[in-house]
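Scroll down for the structure; my scribbles are underneath it.
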């Protein structure tokens, strides 16, 4: 195959492929939402999507701009109150995968969406935790997707908003009633997984046309590569068509009043 | 029983300077008309509680109403930062504000606990997060049955909660439908409550288990047609995603913001400034 | 995803001897057909949980299914005693059973906590009551913010919960409407769950915030037409208040009861013995 | 006036008169339910009735046999789940009056609905606590109604299922966030109120034709009478008519399938 596609499209398609029928996915806004709906519209029509606004098993035709666009409620099986969403559905153990984005991520997959700099005198104030701290610990496992850059991939996050594996990689050891945590990170360059022992993120697959140097240059720590480094399969024509249609529909919908 | 008041009178009576105020609406049914009325009445030193501050609190913070914000996610959803919130936190304009931040799970449980008349919420949260190191209102307790360590936060019990809903009947009973967020909890947790509605009807048309808040659990009902714009009201009108995107440019600059506030909030006779946005 | 099974197969698969079983329905939607199936399959040593044992548990206790009952109000509502429950507690017939009793508030909160995946429920309860002196599962904790003493009970987390509902769609999503009790909580709190329904339909016809339990949160769906009789199903058929009154005489006497059980449960081919009552 | 009425009717009418418009009443099944609905159908059309089955502001045309008859839901403003009922509406402080019946009551208005005899070897096993323990402490005040007899009115209840004022009358002293407790007890013979100091129940009003001796004979402790002992006003013709119609409608409804 010889299709033209962008690195963003490669990221979305790869992230989408992480989801399967039978999964119940708590979806973060932005890239995770794009990937989750692409999955639903392609190989995983029965994947169950949940948004923190209370919409259970929703099937939006366009991507929501916010976490609670009307489209999410109208296409949902039902919509529950937000306390119920966090108590019964997330904390109650009904979510198999939490799908998150982030501003900053470190080598142990800890996420920072709180601030850059010092808490008392922030250089940049970010939106905050939102649903992520408890999605990351109460979901069965966590997928993370974001663009690869040195600013985003840092050795140690400025602030652990959301637990990956802790500042030493042992943050989940001996903690009862906690999920597996991040099992894969999908970027526009590669796929990473935590080392089974140390929990440090390791590149397991490079996207087509991406070199090790590209990843090294975009990562703020000495990134390691798996011994059996794979090449991520290219997007199919069908995936690209559906992704592009979804984004075009979404753009038209958001441009209107 | 809820009293039917104008939005002006409801805000004048129940929102006092220095009060703790929760204006809720999880992306849906955000009480913008009421927020603008609070700005017009120049309420000051408010402690503003809201899971998702959104641009309604950006406007109130930029207008100088807030001294403290308690929240769990402060952004322009799907667009980016709340520039007025950031300007206040980072540069102290128009005044320094204090922030107290939680996760969504914590605040959702805290609203639930407030509605349930409890002093605290207990939940499985904040594991491995550094938020407890910057928020002294996050504690941990031990389950007396299993020994498990669980998070505890104080319940939310505002002086006044303000929400927007689809409609009220002539007795002041209110129907909330669609993404209902923590609105019912906000009303039940508060000492006083104001509900703005799109319309007053003879019959709510509610199904047996609909989210209906009885009149006797509400202080005041005020009509505010299109009172949620640029947010939306399920069954009435859609979200102005365009305005949410435009807000980014308006809010980036202090002068542009001040001009917007003059044109769309202060120099507007009626309550529904949001509608013109 | 829920599996569509016959009631026989659902009970055979998920209700094991010795299991902890919650069959819920707060006066409405009581799963009588399923209870009779449990009796027919001669399940033994069950720990039965239910806020209001009602005559369904009276029948199961009289049939010898139970070794323990956890409850908060054990009567024939509006009529009087549960004679089979009393006979078991007072005289040990057909076997001695253990009881653990709570208040409604405690059990409602315990179901809520079970659904929420927590080990305990915290609430303001049991003040001045002597129930804590006879139930060692009632403890008290201190609020770390206010110092208030609050009650704590273990959450309810049954091996299997069984409820009855109006209908399921062809994917196995279930609509519950009317007096919804703690049924959703019972299902979500349990390891396995069986939902009996009046019918399977193409479209649930649910409003946006209806009480719908998704198929993926249920183990098995079984059709049991009139499966709640002599209790009722809102929108389908009414409560047989007459049978509830007649039950008093049937249950007073061991022989009459045994005969009733033979005639209406054991020697009935189909599942809906209750319907004939 | 010279109407014929029974002592039961006198009790129901007197109990009904305790309720007023503006009250939010959590209604127990049986006598309290009869009185509460009589109030709603006569002088207090706007009294808000709540049943523990989750039915808020319900207006049944016939009396429910159980606490959750369909009529309660069909005539309610809305119906909530039972956990919500106990958490938001009762514990949340939205109930001004809890209206309870009981099997046994003592001089400090403690209620026993658990058992007669010893807990380990009960003489009679009663239904249990149900909603009463938390209605009695979380409602603003409590009204109690039951028939007067020596078996029911005992010096000390066999078991305190539900707090009145405790075994020594001090059970509510210094307890935070608790209601006033029982403020009146209405029987077929009289009305009793707790002494403001000792909290012991005192007869404040005798029903027409009832003597002090009648009450003394039907009470299991040395019952005291208020200095200003009143005579309970007789039922009106309107109250009796409406009560009898309500009971007739109810009987017809419960006799059918």
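Going by the order they are written in, the chains are A, B, C and D; count residues from 1 in each one.
The rule is simple: contacts are C-beta pairs under 8 Å (C-beta built on N, C-alpha and C of every residue); 3 or more make two chains touch, one makes a residue touch a chain.
In UniProt terms, the chains line up like this: B, C = CoA transferase subunit A.
Because the structure is predicted, anything quoted here is derived from the model rather than measured.
Participant: Determine the set of chains touching chain A that also touch chain C (CoA transferase subunit A).
Facilitator: Chains that touch both chain A and chain C (CoA transferase subunit A), as defined above, are B.
Participant: Return the distance between the CA-based centres of chain C (CoA transferase subunit A) and chain D, expressed in whole Å.
Facilitator: 28
Participant: How many angstrom between the C-alpha centroids of chain C (CoA transferase subunit A) and chain B (CoA transferase subunit A)?
Facilitator: The mean C-alpha positions of chain B (CoA transferase subunit A) and chain C (CoA transferase subunit A) differ by 39 Å.
Participant: Where the CA atoms of chain A average out and where those of chain D average out, how many Å apart are those spots?
Facilitator: Centre-to-centre distance between chain A and chain D: 57 Å.
Participant: Multi-chain contacts only, two chains or more: what residues does chain D have there?
Facilitator: Chain D, residues with two or more chain partners: 73-74, 79-80, 87, 91, 138, 177.
Participant: Where in chain C (CoA transferase subunit A) do residues touch two or more of the other chains?
Facilitator: 112, 116-118, 123-124, 148, 178, 180, 184-185, 208-211, 234
Participant: What chain-chain pairs meet the touch criterion?
Facilitator: Pairs satisfying the touch definition: A-B, A-C, B-C, B-D, C-D.
Participant: In the complex of these two chains, what residues of chain D are touching chain B (CoA transferase subunit A)?
Facilitator: It is residues 22, 24, 48, 56-57, 73-74, 76-80, 87-88, 91-94, 138, 177 of chain D that touch chain B (CoA transferase subunit A).
Participant: Using the touch rule from the top, collect the residues of chain B (CoA transferase subunit A) that touch chain A in their complex.
Facilitator: Residues 26-28, 51-52, 71-75, 77-79, 81-82, 85-86, 89-90, 101-105, 108-109, 111-112, 123-131, 134, 148, 178-182, 184-185, 211, 232, 234, 238-242, 244-245.
Participant: Taking the complex as given, what residues does chain A use to touch chain B (CoA transferase subunit A)?
Facilitator: Per the stated touch rule, the residues are 29-30, 52-55, 64-70, 72-74, 79-83, 85-87, 90-91, 110, 114, 119, 122, 124-134, 137-138, 159-163, 166, 171-172, 175-178, 253-257.
Participant: Looking at the complex, which residues from chain B (CoA transferase subunit A) come into contact with chain D?
Facilitator: Residues 1, 112, 115-118, 173, 184-185, 188-189, 206, 208-212, 214, 216-217 of chain B (CoA transferase subunit A) touch chain D in their complex.
Participant: Which of the residues in chain B (CoA transferase subunit A) come into contact with chain C (CoA transferase subunit A) in the complex?
Facilitator: Per the touch definition, chain B (CoA transferase subunit A) meets chain C (CoA transferase subunit A) at residues 116-120, 122-124, 137, 139, 141, 143-146, 148, 150, 152, 154, 177-178, 180, 207-211, 234.
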